[in-house]
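These are the structures in question, set out in turn.
Shared between the two complexes below is subunit A, which pairs with subunit B and subunit C, respectively.
After this line comes the complex of A and B, so read on.
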């Protein structure tokens, strides 16, 4: 029997109550409203690999990330990391141990560092919280080591976050994530707030650190170029559902789900190959009132009656009736 | 000219810190604002002389042995017709030196003002922080209480608290306790403003991801609030506290003027004004005028400082 994957996410759900205040509901006689941000997402991550979640804004990527690390309670489903359940209330004690192995790098490096704290205190916080090393001198040494590791100078620890550029701050955030010797790091769009020139540096740093420490990444992004650079496997999310999961190379060469196809075709093509594309049609629908059946059907070129009525379940990593039924894309050839 | 002297050479950490403080935006804004410097000097002089009242006051206005009824109603800067004593700012009906009484009175006023500001600050900031961070029913409860509180004039709330305290404290201890009753009464009538401000900033701060980062390492709500959120919401609170200090001093004076504040044995500026106004129409204007002037100057200086601080800390006005 193969070993259990390091991270296992099963049928994860999150429903937000977006109702108006009680008084308004009573007066206006409007019902409660719920938003299904994440609806039955399942995937697993093997140790040492990078699993990327991609999708448009509002597809639920960040919500999944927050639920995986336990920042957000789940409405249903299960998350298991290193055989410890993040969702089972009975495993609270084991979860405390898991915390130090699990860190997160956030999207906005301007908001992820406390502006009133010096950088050395920020990086030392997890070290102190988990007693990774004992003694003030050792903590200082460890912080210096971490700063060097992410390409900063140990003296930078005396500075405040506002004295750094966005890329440098993201390096500080990475140092903080590594401070407790974490081996699973959730990266929530770690480069989307950075200049393109800096993005590559940060991504390469993250890859180097992955090789060095055998880190496992859950990588959230909407940038396909970034994902291509980083990911081992990719999950494509649409309106809270995972529509396709496949190996990174496979997904870029043979996208199966029509939505994946659409995303890839939206990437600008410098070669002007003139290859047939699915044009991006429509917008992501309102998740409070999602379309019936397959939620992608209003935008799908392959839609039929079944798609409108029946929600497709993932088969071989693709949740699409058309793929299962073998309906192929009939592309309009550009004139 | 003295203000433009360059900072001393930085040697060691303390001097370096001083130099950094001197170079900071806030210090620069202070140095270049004549109003702020004037207000600070005025406030400093008044506070220092209040603290050092026993040392600089020419008479002890509360030592009955030193009072002489013959000295009563002496005009300012003129020798008394009988004893020949000179009182800078005149004397009241019992021969008490107004200047000394003002020094001692501003001591009481400042003490009550500062203590009540600290009291309402701790209460308001604590409740606002909890309301903003915890949310839900706790927040609704705290903020509705604050709303109710704000719908009453502060002075009414203070009068109510004062009245209740009068009923609860045994008469023998009342004179001793008056000062602290005033502190609680004024403090309780002002906490809501802090709570509202802090709740608002907390709602903003708690959604910033550095709070998530702290929660991620397993910190409980209390340390997250105190270590991470609190330092980031204190800016506006300091401005409110400064302006409220002036308001609290005036509120105390109002209560004392109405006769529910400090007793005549420990008069505050407000008590002095209450006594003074009895003599206003009989020509002894100085008994009212000088304590009132002291109160106005004190409140003005603190208010000007608060205004400057508000503008200096507002990044949009830089």
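After this line comes the complex of A and C, so read on.
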């Protein structure tokens, strides 16, 4: 039997109550309103791999990330990391040990570092909190080591975050994530706020560190090209549901779900190869009032009656009636 | 080639601060012809937005245009008094901003905003202006414009709002539009729609478009020519196909290599060491010299100027041959 995956997410759900205040509801006789931000998402991540979640804004990818690390409670479903449940109240004690093994890197390095703390204190915080190394001298040495690891100088520890550029700040955030010897890192759009040349530096650094320490990444991004560069496997989200999970190579050469096809066609063609593309139509609908059946049906070129009525369940990693029924042949094939 | 709609000659923009005078734009020159899209690309702080703002006369003190000239249809517009410039802005030159939510007034219906702009610039009555507004909304691809015209900005989605902003810029049929990061705040699927809209409108109406963005993909899709900016200077300018696929300036080369693409699967991206210098400490000579792998003695002394090389202009001493120097 193959070993259990490092991270297992099963039927994860998150419902936000977006109702109007009680008095308004009584006067206007409007019912409570709920937003299903994440609706039955399941995937698993093997140790040492990079699993990427892609999707447009409002697709629920950041909500999934927050629930996986426990920053947000779940409304249903289960998250298991290293055989310890993140959601089962009975496993509270085991979970405390797990905490130091997982860290998060956020999108905005301007907001995720305390502006009033020097960088060495920021990086030392997880070391002290988890008692990773004992003794002040050892902590200082460890911080210097971490700074060198992410391409900064140990003396940079005496500076404040505002003295660094965006890319350097993101390096500090990565050093902090590694400080507790974490081996599972959730990266929520880690390079979206950075310029391309700096983005390349950070992505290369993240890959180097993964190789060196065998890190496991959950990588959230809206940029398919970045995801292609980083991911081993990719999950595509649309309106809170996972519509396709594929091996990275497979997904780019043979996208199966019509939405994945559409996303790939929307990426600007930098090589100007003149590859034929299907123009993108429509926009992501309001998640408070999603379409019936398959939520993608109003934008889908392969829609039929069944799609409007019945929500497709993932089969072989694709949640699409058309794929299961073999109707994809009708889709215009790019030359 | 026909006469350029907009012509920027050796533009300099400075910001006076208490400590020093910072030069944000240093000797930028380019032309944009009728119906042409010039992409201006660079990283944050390269001066691309400031260039756009300078052309439409929106540099606020302490910033000022300290040198060079800007010509619109052959007439100088950089030294016009503010009153004169106001008449041109919106009428002859218009701007599309990055964030559609901040460029629309949330308290007025989109129709009112369109009608107001149309009537400011064109001799029309309320009725005619409203009809024109509906026409414009149809043209930018807003479904059911007769109904949507009475909606408020918050009732539109991000992509639809950006379409309204584009309609607003088109009100007086300007000759020249600056689009400053028009798709940055949008999702990829919507971005593609807005790009093709801008391209189509530019072509159909024969407008000159300056498209400012940090996204090389957007440039490759939309622009006819591209200018790569670095530290307030143009590093390379030329036809988009040449510059994107065979960049010559070391910075442009690094920039292209740094972009992850869908086509080429590489393990490592090309990375340019370091980051863009601050305006207060732009190195002597070529601004790119500390990050350049091919820098030699001259790069630390002389500032290179864009010279014609292989169908484009490159500001780099590497390409200065005997003929081009003379």
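Throughout what follows, the second predicted complex is superposed on the first by the 321 of 335 C-alpha atoms of A that agree within 3 Å, B and C clash if a C-alpha of one lies under 4 Å from a C-alpha of the other, contacts with A are read in each partner's own complex, and residues count from 1 in each chain.
By our rule, a contact is a pair of C-beta atoms (placed from the backbone, for glycine too) under 8 Å apart; a residue touches a chain by one contact, two chains touch by 3 or more.
Since the model is a prediction, treat every value here as computed from it, not as a measurement.
K.L.:
Clash or fit: how do subunit B and subunit C relate after the overlay on subunit A?
P.N.:
fit
K.L.:
Using the superposition on chain A described above, determine whether A:326 touches subunit B (first), subunit C (second), both, or neither.
P.N.:
neither
K.L.:
Of the partners subunit B and subunit C, which touch A:267 in the superposed model: first, second, both, neither?
P.N.:
Second partner only.
K.L.:
For A:135, decide between first (touching subunit B), second (touching subunit C), both and neither.
P.N.:
After superposition on chain A, A:135 lies in contact with neither partner.
K.L.:
Per the contact definition in the header, classify A:108: touching subunit B only (first), subunit C only (second), both, or neither.
P.N.:
After superposition on chain A, A:108 lies in contact with subunit B alone.
K.L.:
Going by the contact rule set out at the top, does A:31 touch subunit B (first), subunit C (second), both, or neither?
P.N.:
neither
K.L.:
Which partner, subunit B or subunit C, is in contact with more residues of subunit A?
P.N.:
Looking at subunit A, the partner in contact with more of its residues is C.
K.L.:
Under the stated touch criterion, which partner chain does A:73 make contact with: subunit B (first), subunit C (second), both, or neither?
P.N.:
A:73 contacts neither subunit B nor subunit C.
K.L.:
Roughly how many degrees, to the nearest 10, is the angle at subunit A when you join its Cα centre to the Cα centres of subunit B and subunit C?
P.N.:
Taking the centre of subunit A as apex, the angle works out to 80 degrees.
K.L.:
Applying the touch criterion given at the start, work out whether A:197 contacts subunit B, subunit C, both or neither, answering first, second, both or neither.
P.N.:
second
K.L.:
Taking the superposition on A as described, I'd like to know which of subunit B and subunit C A:96 touches: first, second, both or neither.
P.N.:
first
K.L.:
If you take every C-alpha pair with one atom in subunit B and one in subunit C, what is the shortest distance in Å after superposing?
P.N.:
12
K.L.:
Can you list the subunit A residues touching subunit C in their complex?
P.N.:
Touching subunit C from subunit A are residues 56-57, 165-168, 195-201, 203-204, 207, 222-226, 228-229, 249, 252, 262-273, 279-280, 283-284.
K.L.:
For the complex, which residues does subunit C have touching subunit A?
P.N.:
Residues 43-44, 157, 159-160, 187-193, 195-196, 214-218, 220-221, 240-241, 244-245, 254-255, 257-272, 275-276.
K.L.:
In the complex formed with subunit A, which residues of subunit B make contact?
P.N.:
208-210, 212-219, 228, 231-232
K.L.:
What part of subunit A is in contact with subunit B in the complex they form?
P.N.:
Within the complex, subunit A touches subunit B at residues 66, 69-71, 96, 99-100, 102-104, 106-108, 111-116, 125-126, 129-130, 173, 176, 180.
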